[in-house]
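Take a look at the following structure, please.
Labels for the chains are A, B, C and D, by order of writing; each one numbers its residues from 1.
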Amino acid sequence: MNKAILLIQCPDQKGIVSEVSRFLYSYNGNILEVDQHVDEEMGLFFMRAAWELDSFLLKKEEIIAKFKDEVGQKFGMEFKLYFNFPKPRMAIFVSKLSHCLFDILGRHHAGQLEVDIPLVISNHSDLKSIVEAFGIPFFHIPVNSSNKASAESEQLKLLKEHQVDFVVLARYMQIILGDFIKNFPNRIINIHHSFLPAFVGARPYHAAYERGVKIIGATAHYVTEELDAGPIIEQEVARVRHHNTIPELVQIGQDVEKVTLSKAIKYHVDRKVMAFRNKTIIFY
Amino acid sequence: MNKAILLIQCPDQKGIVSEVSRFLYSYNGNILEVDQHVDEEMGLFFMRAAWELDSFLLKKEEIIAKFKDEVGQKFGMEFKLYFNFPKPRMAIFVSKLSHCLFDILGRHHAGQLEVDIPLVISNHSDLKSIVEAFGIPFFHIPVNSSNKASAESEQLKLLKEHQVDFVVLARYMQIILGDFIKNFPNRIINIHHSFLPAFVGARPYHAAYERGVKIIGATAHYVTEELDAGPIIEQEVARVRHHNTIPELVQIGQDVEKVTLSKAIKYHVDRKVMAFRNKTIIFY
Amino acid sequence: MNKAILLIQCPDQKGIVSEVSRFLYSYNGNILEVDQHVDEEMGLFFMRAAWELDSFLLKKEEIIAKFKDEVGQKFGMEFKLYFNFPKPRMAIFVSKLSHCLFDILGRHHAGQLEVDIPLVISNHSDLKSIVEAFGIPFFHIPVNSSNKASAESEQLKLLKEHQVDFVVLARYMQIILGDFIKNFPNRIINIHHSFLPAFVGARPYHAAYERGVKIIGATAHYVTEELDAGPIIEQEVARVRHHNTIPELVQIGQDVEKVTLSKAIKYHVDRKVMAFRNKTIIFY
Amino acid sequence: MNKAILLIQCPDQKGIVSEVSRFLYSYNGNILEVDQHVDEEMGLFFMRAAWELDSFLLKKEEIIAKFKDEVGQKFGMEFKLYFNFPKPRMAIFVSKLSHCLFDILGRHHAGQLEVDIPLVISNHSDLKSIVEAFGIPFFHIPVNSSNKASAESEQLKLLKEHQVDFVVLARYMQIILGDFIKNFPNRIINIHHSFLPAFVGARPYHAAYERGVKIIGATAHYVTEELDAGPIIEQEVARVRHHNTIPELVQIGQDVEKVTLSKAIKYHVDRKVMAFRNKTIIFY
C-alpha cells in the first residue's frame, strides 16, 4: 500500500490533532496511524500521521505546500513528509564481525525490511563473497591511521553515487569523523555492544566482566560527534552468570546486538523515530 | 488532574479522528491522549481519547448527549464516557494465598492505584487482620458445595451496598457462577496461574511440571462463563529449569501472578482496555 | 581444548559424586564441569561431567570399559561418553522460510557452533545458491503426498552417506514419519512456532491471534512420533500487542524461533541435554 | 530438612571435588547440591556443597575441625560452614517508600523466606503500624546531618541485642558510614534503583530520563565503602518508552526493585552467594 507519513513538531497548544486530521480528511485521506506525544517539560508537541496515498486528492508534490499553508504555519510547525516508495536506500558498513550484517541480509532476503541496499562498504574484504551471494555490491576501502580522511571521502563519494539515504554501522570498528557525520545527521545508526550509558567506549564486554554485572546489553543509537552519546533508538539485554567468560559474553551479546540493530533499522525505515535534544520518540 | 476518557467503537470509515478531535477542540478540550486501532478483518474502528476536564466548556453531564448528537450518531458509534473522579470502586476476592492481595494493598498504600477499595471478601478468615491493618473492611463469607448460590447472593448484596464498580479475583479459589458474572460483564478480573491457553483449569503448575516447559506464566483476564477462556488483558512469564520442583514453580509463578494482575488492574482503572469478541485492545 | 563428556543416569544413592570424581582423579583427569540432578519423584540421579582429555591417563577407547568396571556397574548406571572432537555432524532440513537456516549458517560461519554441516536438504530449491555460498552442499528432494516414504528413504540414504549425527528441522514444513524418527531417537531437533503446549499443530500464529494472547513464543524440541509433543529443549517468548496483524506476529515470532533453535542446537552439541520420560534436563 | 552448606575457596588444582565428596560420603552424607566454579584468570576454585544433616555421622560442632584436618588444609582452603537452622536473622532498614518492605513482609508471611525478622529500623515512623500488623517490632531512629554517627551506634546496639546476622536496606535513604559497614562485611544488602554501573548516586530515574534510555533497571549489591560500587548480587530490568514521565519511571522501577531485592535476599539466605574481589558467584 502506498502511504504518506508526516512527522510534526511544534509548541504544544490546543487544536493540533483536530486541524491535522481535518486537513487529511478534507483531501479524502484515510488515516492509517496517528500517534502523538507531548513533552510537558519543554512544552513541545510531536505527532506522526500516516495515511493512504492512492485515494488522497493531493499529488505527492503538492502536499508540503498545502499543509504548510493550511496547518503548519498557524501552529509554527516543523514537519517532514515521507513516502514508503521508492524505498529508502540503506548502506551498510561492516568490518570483520558478520553477525549483524548477516542478520540484516537475512531479513532483507526474507522481505522483512522495506529498504534497498545498494552497497556494503568494509575496511576488510573477508565478507565479500557472501554479501555478493545475496546480490549486493561490496566495496573494500581499507582504513588506517594515516588515510582515514581520504577513506571517508571515498566512502562519501560512493554513498552519493548510490543515492544513499542512511547508513548502518553493523559493528564497523572505526570511529567516524565529524565531517562524515555532518552529511548524515540522525541518519547514521550504530550498534554499541553495551547497555549505554554503562561501558562507553572500547571493549565493553571486558568492562562488564570486570564489574560483575548480571545482565549485559546492546544499544542502537544515532551517531553524533560525541562517542556513544547520540540519541538512543533501541536497547535490549540478556542475562549472564558468573561462569560466563568474556568470549561467552561476546557471543551472548552478539545475539542481543543483531536483534537490537534490526529493530532500530525497522523503526527508522518506517519513519517511527523522531530525534530531539539527544533523545528519541519512537512511535511503535 | 481531572480528566474525561472516551472509548469509542464503530464501523471503520474516513473522518472519525477528525470529527472527534474537532468536537473536543470546539469545546476547548485539551487532548491528553489519543489512541486508535482499526481491526481490518472486521472493519471496525476503536478509539480512546482523554482530555482535561477543568477547562472544558461542557459540563460532565452534558458531554454524552452533545457528543452523540454532533459525532456519535453520524458514525454509528457505541461509546462510553468515564471520568477519573470519583475513583472507581474495586472489591477484592481472596482465599488463603496472600501474594496478589498484599501486592495490591501495597500499591494502593503507596498511592499507585487510583481506586477506592471499599472491601475485601474472602471464603477464609486468615487474612483478616492484615487487611484491616491497611484500613480496609474484611468480610468472611464461607463457601462450600452446598451454599455456593446463597454465598454469591450475599457477596452481590455487599458489592451493591458498597457501590462496587469492578471485582478482582486475587487468587480466589472458587469458580464464579454465571449469574454472578452477568452482574459484572467485563468487570471481573481474574488471575490464572498459567500462560493461557496452555494449562487451563486446576493445578496448572503441576501440568507445566509434567510437560517439562522451560517458561511458566500467568494470565489476567476478564471472567466469562467459560472457564479461563475470557478476554486476556495481560500475560507475563518467567524462566524455569529442570531442577525446579513444583513448590518452586509455585513460588516463581507467584511473582509473575502478582505483577500481571496489578498491570491488568491498572489498565482497567485507567480505562485503557476495550474488550471485543473475546479479545482486548489495550491502549497503553 | 580436547575434552571428554560423560552423561550418567542411575537410581539415586549415596556416594555417586564421590566415586565418579575419584575415578576421574585417579587417572589424572582435570574436571572442567560437574553438574548433577536428582529427580526425587522418580528416585533417579543424573550427572554430567566434563574433563580435559590431553592429560588423562586413559586412552579414549579405554574409558568406557574402565568406567563401567570401576564405577558404572556398582551403581547400575546407564551412561554415554562423548568427545568434542571430531565435531558432531549436523544436517539441516529446510523448506522456503530462510530465517532459521541463515541464523545457523551465520553462527557457523562466525565459529560459534562446534559442528560440521555436511549437507542441507530441502523440499524446495529456493535457498540453494546462498547455502552453497556458505560452502555447504545442498540437496533438493521434492516431497509430495504420494512420494513421502521414498523421499524419506532418499534423505536417510544421504544422511548415512554423510555420517550425520543429528538433524535440525529449521522450519521444515513436512511431518516426519515414524520410520525416519526411529533412526534418530532424540537426535532430531524441531522448532515449533508456538509456546507449547499452547497451539499445537499448523498455523499457531493464526491461533495465537484468534485467542488474543499478549505473548507469543517458540519451542525447540526433540521430534517424537506424537506431533509437537516431544521433550522440550528450549523456549523463548516475545511480547505482542492488539494491533499486531498475523504477518507481524509471524515476523516477531521468527526472531524468537531462530534464537530458540540456535540455543537448543548449542545445548545439544555441547552434550548438555539429557532426555528422560519426555522431559529434558539441561545442564547449562 | 536439616542441612549443612559448605562454601569453599582455594587455588585451583586437581582432586578437589573428589576429596570433598569422599569426605562427605565417608560420614554418610547425602549430597543434595554440588556446584563449582573455576576462575581461570585467577586460578581459583569455588565450591558449594549442601548435604542432609540428620543421617550425617559427624555432629554439627565436629564438622569444621574434621573437614579442615582431612581436606581443607591439604588444598589450602578457606571455607565456611552454615546450617539452615536456626534461621538467619535479618534486620530491615527502611525510610518512607514501602514497596520493598511490603514485598519482603509479604513473602515472609507466605513462608517463602527462611529467615527470622527480629526488627525493622526506620528513620521515619510512617510504616510502623503495618510492620507491627505483621507481628514485627519497629524501631524509629531519626537521622539527620548532626546525629548520624550516634544514630548508627544506636542501630548497631539494636542489631547486636537482636543477634542480627545480616541487614537489608529496603530503600533506606541514608548513606551508611564505613564504621557501620565494617561490622557487616558482605552482610548488608542494598537495592539501588538503577542498572549499575549506569546512574550511580542520587536520582537515577531522573538521570535515566535525561539520557533517554529504553530500559531501566535495579541492582541489589553488598554495601562497601565506595557508594554503589559493591559486589552485584542481582539485576533486573524493565522496558520504558519516550512517553514515560519520571514518576512513571519511578513506579515501573519500583516493581523491578522489589523483585531484584527479594531474589538477592533469597540467594543470600540460601548461602548461594560467594563474594570475591568485588564480584559475586551465585550458585543458583
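We take it that a residue touches a chain if its C-beta (ideal position, glycine included) is under 8 Å from a C-beta of that chain, and two chains touch if they have at least 3 such contacts.
Since the structure is predicted, the reported quantities are computational estimates derived from the model, not experimental observations.
Using CA-based centroids throughout, the chain positioned farthest away from chain A is D.
More C-beta pairs touch across one of B-C and A-B than the other; that pair is B-C.
One inter-chain figure worth recording: chain A and chain B are separated by 37 Å, centre to centre, where each centre is the mean of the chain's CA atoms. Note on chain placement: the centre of chain B and the centre of chain C lie 41 Å apart, centres being C-alpha means. Shown for chain C are the residues in touch with two or more other chains, of which there are none.
Interface of chain A with chain C (complex): residues 97-99, 102-103, 105-107, 109-110, 112, 129-130, 133-134, 251, 254-255, 259, 262.
Against chain A, the residues of chain B that register as touching in their complex are 14-15, 17-18, 21-22, 24-25, 28-32, 34, 36, 38. Chain contact summary for the complex, chain D toward chain A: residues 37, 40, 195-199, 211-215, 217, 231-237, 241-243, 245, 278-282.
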